[in-house]
Every structure is written in C-alpha cells, then in structure tokens.
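For clarity, chains are labelled A, B and C in written order, and residue numbers in each chain start from 1.
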C-alpha cells in the first residue's frame, strides 16, 4: 500500500481553481519532487495536505487513513510534518527548545508535574534533551543549541526547521523549498542531509524545489504542476526531458 | 410609545457624540496602527477650553468652540510629534502605554489648572427645544445640534478623503506605509494631519458632550472615550462608516437599556453586545477580513 | 566531556536567574521587615506593604498572558475582582463555622484562585478565538462587565442559609436574624483583615514558583511556541487552543489570588472604576510593559517602583501625578524608541571595545 494517496484534490479561492483534480501516489521511502512554475499551486497543495486549507474536493489517504479535512494538529499527529517556504521558527526560543517543542507529543508529562518539578519532569526533560541533541547533530546544529533561533544564519534556520519537523516523528516529511537562499555549497550539503534523513529515519519525503540541481540530484520521482493541474508525472529523468515540461518552464 | 421615541432620539444624540469621537479613534488606528488612549482626554480639554471662554471670559459659544477646535488641533499634533513619533517603529504595546501616560498627563494638567470640583458647563447650544406631537415629545436643542453636527462632519470627512490629495494620501498610508513613502507621500505629515483632524473632532465632541451632560471634571473624557473606542471596534476599526454605525448603535443600545433594563447594567449590556458582535464577526460590522498567508 | 559541561551550564543559567528572582523577593522582605521592627517605616509606608505584594502578583500574572502567551489583555482587574469578592463572601459567611483565621484565609485564597480561574475559562473560550487588538478590547469589555455585575448582586445569610438576588436587599426575603454579606453597589463590609506582609510575600513566592516553573517546562514551551508562530506550532501538533486557555486561566487565577489579598486587606470592599475598572487593568499592563514584556523579574521591579513612586513624590503634593505621568512617558520613549535603542547599543558597544583594548 502506498504511504500517501491523493485522489482528485481540488480547492478554489473566490472562483479561481488554485488546485484542480490533483492526484499523486507516493510509496514508502520515496524521495518525491513537486515542481512547477511560480504560482502553479505547489504550496497550496502542502497547505491542503497539512490542513491549513480545507479542500473542496478529493481525498487524502495517509497510510490508508483518511485525513481529508482534518485539523493541522491532527494531521501532524497522524504523521505529516512540514517546513515552510518563509521560515517559521519559534524565534524567541533557543535552537534546542525549538526541537524540544517538536518532541512535545512524543515525550509527555502533565503541566502540574512541570510546575511541581516532580521526578518525572527531570526524567522526561533529560530524555528530550538527549533526543533533541541527537537530532541537532544530524544537522550540525548542536554547537548552536543555546542561542536564539532568530540569531541563526539563514541556511541554518532552514535546517533547524527540518530538525523540528523530524522531532514530531512523522511518516511523511514535506519540505517547501528547502534550498531557497542557499549557496551551491550549502545546497550540496543539504542534499546529503536529505538523503541521510531518508535512509536513517526511514522517511518518505515530498519536496517543492526550484533548484533543478537538487531536484535531479536526489528526487526519484517528480510531479510537474502547472496552473493548478498535473502536467506530467514519472521518473525524474523522463520528466525533466519531456518537451511539455521544458515549454512550461522556458515558454515557447 | 412617545417615551420610547424620546429615549431612542436621545440615544441617537449620544450615539452621534460617540460617532464623532470614534472617528478620531478609527482614523488614527487606520493610519498609525495605534490605540490612542489619550483621545478621550482631548475631549475633556476641549470641554474646559469652551468652559473658560464662555463662563470665565464671557465670550460667545461660537468663539468658545472655535478656540477649542484650534487649541485641541495644536494639542493633538504636539502629542503626536513629541510622544508618539519617536516610537513609530516600536512595539504597538509601547505606544499604547505611552498613550496612557499622555492620558494621565492631560488629566493631571486639568486637575492642576481647574481643580477636581466639577464645573457646571453652560450649553453652547442656543436654539430652543422642539416640541412635537402636541407637546408630548420634546427634542432638546442640544440633541438637534448634535445629530446635525454628526451628519455634517460625516459628509465633510468622506468628501475630504475621497476628493482631496491629502485624503488620498491618508488612504495610501493606511494601506501600506512603506509603499506610500516610496510613492513620495509625506508619511509623517499625513499622520500629523490625521491627529489634527481627530483632535479637532474631539474638541467638537467635547463641546457637544458637555452641553448635553453639563458637569465637567478632569475625568469627563475617559469613559466616553472608552465607549467611543468600543464603538469604533464595533463598527470595524479603521472604517469611517463603521465608526458612524458603531457609535449610533452604541448610543441607542445604552440609552434603551438604561431606560428599560437597568441603569446600573447599561454599560455591561453595551459591552456584552460588543462581545457578541465580535464573536460573530471578529473584525466588527464593517471590518475587513484579515487572513494570514502561509 | 565538554558537551555535558555545557548542558550543566545552561541549566544553571536558568537556575541562576530564578535564584536571583526569588532571592530579590526574600532579601527585600527581610530588609523591610527589619526596618519595620526598628520603627523606621512610617505608618503610611506600612499601609503600602500589602498593596505592593498585590501589585507584584498582578504584574507577574499578567506577564504570563502578555509576555509568555503574547496576547494583550486589558481586563486583568476583572479577575482580581472575582477573586476579591468570592473570597470575601466566603470568609464572611464562614466567620463562625471556621473560627481558625489562618485556615479560613488559606481556604479563602484557594476559593479566590478557583473562582477567578473559572472566570478565566468562561472569558477565555470565546476571547482567545480573536486576535490582537480585538482580543484586547474584548477582555476590556469583560472586565467592565464583571465589575458592573458585581454591583447588582445581593447576598445575605440567615438561619436558613445563603440568599441571593440581583434586584435589591429586600428581594432576599431573609429572616429577622439575617445579615447582609454583599449589598449591591455598597459592596461588602466586615471582611476579616487577614492579609499581612508576610502572607503577601509568601504568595509572591508561590506565584513566582508557578509561573517560572511553567515557563521552563513542556507546557511553557508549547505556550511560547504559540506566541512565536501560531501556524508553525499547529504544524508540529501543538493544541493551540488548550495552551492558550491554560496560560490565560493560570494568569486569571493568580490575579484572583491578588484579589483575595486585596479584599482581606480592607474592611470594606466595593467594585469601583478605580480598583477593578479598566484603569486598574491598564496600570498592571504598564508594570508589565515597563518591566519588560516576558521579563518576570523586570515586571516585579516595575510594579514596586511604580507603586512607590506616587508615594515618594507625595512631598510634591498636587504635582505628583503630573510628574508620574511625565516620568512614564519619558521612560517609555527612553526604553522603546528605536533610535535611542540604537544609540545605547552603539555607546555600550564602544565602551566595551574600549575596555577590552585597555
């Protein structure tokens, strides 16, 4: 069974069909790319997938469970985590606390336990610290764990967002333009990190990206979106060589 | 029935005062994105100026109102320039607290100059009351003048914003300060102009309010100020027709609940209606919907 | 080896900051108590000791809503009002039933906190759906409603038990032996004066304990994540409604505790514009903003200074509130003006580099 199965998804804003009849199937462990020109509706699909918008039509199945129209919070609990195109970190929290907030639902103690500082508080906090630092190490952020997230350089903020998303223990990770604003070296490093995450966390990843080097370098399958509709789907090499795709990107 | 009509008209009159004050709140909020808590106290200052000119100096009410308008306009511009402008880019909360400081300042200046004893205010309205339905229904001169003033102000202000360059600049600044600046609009000047207009309106509201409720203390402005602020939110803050609708509704609800339910609970009812309105329509009756881009 | 040291250092940093905060309260208490014992404190100042505790608790509790949750509340005095009246009604009606004043006051504090928490939930559920200035104005409205409603409630007690009315004292239909407890706008008279400086300081410490421990816990992080980025918080599975309501309710409940101190420090209690109106709420907000939004220790210090300031200026008589207002405006501009902040940073930076050169 596929991990993610979207059938005929659609949404319109004030009469405009932003996404229309969108279907996709992603197998477990796949590294899947969603590409297309600006305004094609890629981020809208992420927003539909994570419950920020409610779809007008279609169904979303995650691991066989119907998550269509559920709340953002419930969808995260069901196993989808994401990053944002315009980075959304908890700016006034430290790097470590950003990741620990991601661990919120996996390592739990009650508010009263926290206020009264019962033994369980110390035990769970220690677990969370260890787990969070382990994650930060993957992204080479453990040296910066005590500084405020807003003080991180841009590239590291993007990485921290991925670390925070992973902390929630998702089955499917959505990355919205992870390489935006990175230089070629950083992008290369990021590609390695994404591969590492897929291999070591058994992750399935769907990413939106404009950087074709990254897309062709790590994605196994691609879906090209144009004007809210699927232009073509298939293996990365086939899709990128398709004349239709070239036309959509470069014009006539 | 006659008593209902009379309560209703009185409510309309009170609501007109609220609307005039609310205009000041709503314009300043729309353009400077700040809650000017000192606005109510400018009303009070306006009241004292009229009182001084009419009762102490013995001049006519027209001179009193005119002088109040001039002084309050200057006061509004000075407050903006001295207290608010340095904080233009600061947190809105800091500006709010500064406005509260200005409010205390104005109240205490009035307290020092005029003392805490209530002054009995001589009405600025000289036209006689209107008797209708064979004397069963009396509409006071104050009521008539207040309602007419409100209508005239509304028409003038709307025309000003639609037809003049300065008015268009105000709209532009309220939409996007940065873009307006790039288009060559003098943002600081436009904000100062907004405070000037708002404060001039507050002076008129002060004269009308004190004519209808003729006791004047340094705290006279604060409760009507808060109510007018509620009216502005009620109608959708930032919207000029919203301020009118909000003000009128608030005045009518307040007067009717005072008459028919309980005078002690009238404020609670007014605030209760506000809460219900905001829960149904979270940005007020005519407010724009705000949505966040993800 | 190096890493584990760093972890310890971080923990000790929060711990150190907390110890300074608690220490400040305890040291201030000891100094004041010594001055009182030595007869160095005027009766006027003595009268201010409990109010100082009240305002400190209010400032800390409001900082939880404004600084930690990031929502502007202008109705904090309303929750204080609920705590004050509910506990005073309890204390008066239990005067004979629970003769032990200490135990009765302890229960009164719990009742005040619980009632204010219930009010917090009732207000919070609708209010927290709104955002920004709209939320602020609705909390203001709720605060005013609470104050107004208290003024039309009549409660009396006779041999048959408690009587309740919202009309007038006659409508209570009490027996001859009946005693008024809450008499509408005339309020409550005869609340036992149980509040002392010591109890006030202990309650400040309890408040600090609750708020500081909450901030540095799992729930605290969740609350601050909602403040910093609501959408991101939802995307990582945080139940934002739950944590918003939690912070708001705890904050309301602590304001209720301050209310209990307030009502048990005065023999007669009425709900007026001055003590429970929006002016009071704004005053508390001033403490928070001036002391530093989200800075618990700062808001405590601001509460103490701003409560003492008008009294210290008393020699200046009629000018004191005027000066107070000017100081407030000046401090706000000094603390918050972007230009001045920039200037301070530069001067500070310069002096530091110069020092380093030396």
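Criterion: a residue touches a chain if its C-beta (ideal position, glycine included) is under 8 Å from a C-beta of that chain, and two chains touch if they have at least 3 such contacts.
Fair warning: this is a prediction, and the values are worked out from it, not measured in the lab.
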Selected interface, A-B versus B-C, where C-beta contact pairs are more numerous: B-C
Per Cα centroids, the chain farthest from subunit A: B
Nearest-to-centre chain - CA centroid comparison: C
Subunit A-subunit C separation of Cα centroids, rounded to whole Å: 42
Whole-Å gap between the CA centroids of subunit B and subunit C: 31
Chain centre separation in whole Å, for subunit B relative to subunit A (CA means): 50
Residues of subunit C touching at least two other chains: 231
Per-residue multi-chain contacts in subunit B, two or more chains: 294
Where subunit A touches two or more other chains at once, by residue number: 52, 84
Contacting residues of subunit C [partner subunit B, same complex]: 66, 72, 126, 129-131, 133-134, 136-138, 140-142, 144-145, 148-149, 151-152, 185, 231, 273, 278-279, 282, 285-286, 289-290, 293, 318-319, 321-322, 324-326, 328-329, 332-333, 335-340
Sites on subunit B touched by subunit C in the complex: 29, 35, 37, 83, 86-91, 93-94, 96-98, 100-102, 104-105, 107-109, 111-112, 222-223, 226, 229-230, 233, 237, 262, 264-265, 267-268, 271-272, 274-275, 278-279, 282-284, 290, 292, 294
Interface residues, subunit B side, partner subunit A - complex: 294
Touch list for subunit A against partner subunit B, complex: 43, 47, 52, 84
Complex contacts: residues of subunit A adjacent to subunit C: 50, 52, 71-73, 76-77, 81-82, 84, 88-93, 96-97, 100-102, 104-105, 107-109, 111, 114-117, 121, 124-125, 128-129, 133, 142, 146, 164-165, 167-168
